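The first chain written gets the first letter, and so on, giving A, B and C; residue counts start at 1 in each chain.
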């Protein structure tokens, strides 16, 4: 019996975890969300930009990052459109173009006056990793073979007359799950060109991102689903991240419960073996 | 011609480090004394893990991570693969190497083949045990976990650049009863490896592996230069912290140039 | 010559790349840097061909020799060449709807599925690893509990101190540890790069020492 508490079959943990997450997503209870300093810094930085400023959005993730990064991307784009900020986006990850399309498609229906090519441009994915990023700084047209993610010539898009490369951006916001990601942007763009960089990252990357925020190399961070939920609260549009925080809360609680059970089993088993 | 803004301090620091490195290598080549290196548990237990696999009659699994050829961690993993393959060849224990990139595949195959050749058992080398799985990250992860479940390696060596698949590998390895030695410099994955594996090479220990395992004085010289570099960094951190505490940011600004 | 030529080429290209990355000013620096970038991309594309040839050789051999599970080699080759033929002769460019559908309807959901299994592995690893075996393991356990609660709204509901403690762990001990690892790994990376550049480290040549 004792060994069972300390050694629960992992399949039981998996089934319970799945059930808890599903129930919380279907029936959210709406736990209160407090905005952190890191998220507020990103919000304030966008808020301070003059209307018409161009911001580079780096969609450096693929399908796995959608649950945590897509809500952040949507909330940030929403905030930008409210402030008349314009966006140029792309990325070094193969799904960069699709991720950008997904984010803008979700937001544009609330901003009927915003037009593609005027208020935002999606350059999409281009191969070459940091080599491409390096080329994008000065000559976006050359680095992107002169077309956007949908095959439209960049020369035909009005926004691209004002955006010759990332050097023309007032700020960069990148959505990252791994490599290439934050260090590549710091090394290639923000350090030599002094363009402010904000990061939205998945939870696993948060500990590794903190040194960059702490040193000021990254101005702020929308960190994990928690950060995305905070941004949704800031722009008054609660979405999937706010709902996801309930699921995350209960999932964490379940894991903690199992850790406690495991330790009780461990202590009892140890006492038992000493008594023998 | 001038140094790019923001790179000035980095350039001079790296230049000094490179010169130190070359000087130390030159001294090591002349046969000058090299200090002792502290014990790295993960590397010390490599033989034990392979020995266990031999006793159990089960294979050893090695993954060089999912980094490309331009990743220093992948290059560092090759040195450990070479050592592990030689040990496996000596004990006649099969070593299964799973590759993410088709470009890295012939390299790891060459390393394992060479290892069998060096221990005098070229006929024991099984080319089919060095495998290309898939270039897609999660397809690779699925393939590797499938191999782990089917072939139940007694030792699981996960050494190189890992990302989200790290914990998937470590947990599946645990479920099939493997002794697990991991190593990565990807900071986000280190906690997973520390929690789920028996031994973990943390950050620079991975890069020190080739020197540690070969005991080559030239490579050992590298470690000394790295330690000097770290000591300079510690001094910089202390100076910066003290000056900044008293409101003087001149040193921080100098390093940011 | 088989070893010396690649090392010499690598050394020259590496030095040019370092110089043109760190320095600016004359036009030629920029031109050489851009040119080398293109060469890198071309070399990367060429490397794919090396991989294709090697895979064809290996799997072709497995099929002709009727080795164990040889039929899977047929699947591998059909998939590889099928995608290649589709890309070159049918889709022709990356904006083809066929590509997009293939990627967004097949690859992306499969990737997301495997990625999301991580949550289960995190749970089982946490359950197994966080035991109060000794003082260090206890510190790890306590920090994990604070972080797990402090990063979700539930923590603040229990006590406002929990998120504050979680923020402190993230901003102080975590940053200190991460910086240490990052600085150490950076030196290790630079030293490895130099060893490759001057030909001391030759593992990438596939054991041709």
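Couple of notes before you dig in:
Note that in this section a residue touches a chain if its C-beta (ideal position, glycine included) is under 8 Å from a C-beta of that chain, and two chains touch if they have at least 3 such contacts.
From a predicted model like this one, the values you see are computed outputs, not experimental measurements.
Of all chains, B has its CA centroid at the greatest distance from the CA centroid of chain A. Distances from each chain's CA mean to the overall CA mean are smallest for chain C. Chain geometry summary: the mean Cα position of chain B and that of chain C are 14 Å apart. One simple way to say how far apart two chains are is to compare their mean CA positions; for chain A and chain C this gives 19 Å. Annotation: 29 Å between the Cα-based centres of chain A and chain B. In chain B, the positions touching at least two other chains are 4, 7, 138, 164, 187.
Residues of chain A found to touch two or more other chains are 10, 64, 207-208. Multi-chain contact residues, meaning those touching two or more other chains, occur in chain C at positions 107, 111, 114-115, 122, 124, 126, 128, 130, 178, 182. Taken in their complex, chain B has these residues touching chain A: 4-7, 138, 161, 163-164, 175, 186-188, 191. Interface residues of chain A facing chain C in the complex, by the touch rule stated above, are 8, 10, 13-14, 17-18, 21, 31-34, 36, 62-64, 66-67, 94-95, 98, 125, 127-128, 131-132, 134-135, 149-151, 203, 206-208, 210-211, 214, 224, 226, 245-246, 248-256, 258-259, 262-263, 266-267.
For chain B in complex with chain C, the touching residues are 1-4, 7, 11, 14, 17-18, 21, 25, 69, 72-73, 75-76, 78-79, 81-82, 101-103, 105-115, 127-128, 132, 136-139, 141-142, 164, 167-168, 170-171, 174, 185, 187, 190, 192, 195-196, 202-204, 206-208, 210, 218-219, 222, 225-226, 229-230, 233.
On the side of chain A, the complex with chain B involves touching residues 10, 64, 177-179, 191-194, 204-205, 207-208. Chain contact summary for the complex, chain C toward chain A: residues 33-34, 37, 40-41, 44, 93-95, 100, 103-104, 107-109, 111-112, 114-116, 119-120, 122-124, 126-128, 130-133, 141, 144-145, 148-149, 151-154, 156-157, 163, 167, 170-171, 174-175, 178-179, 182.
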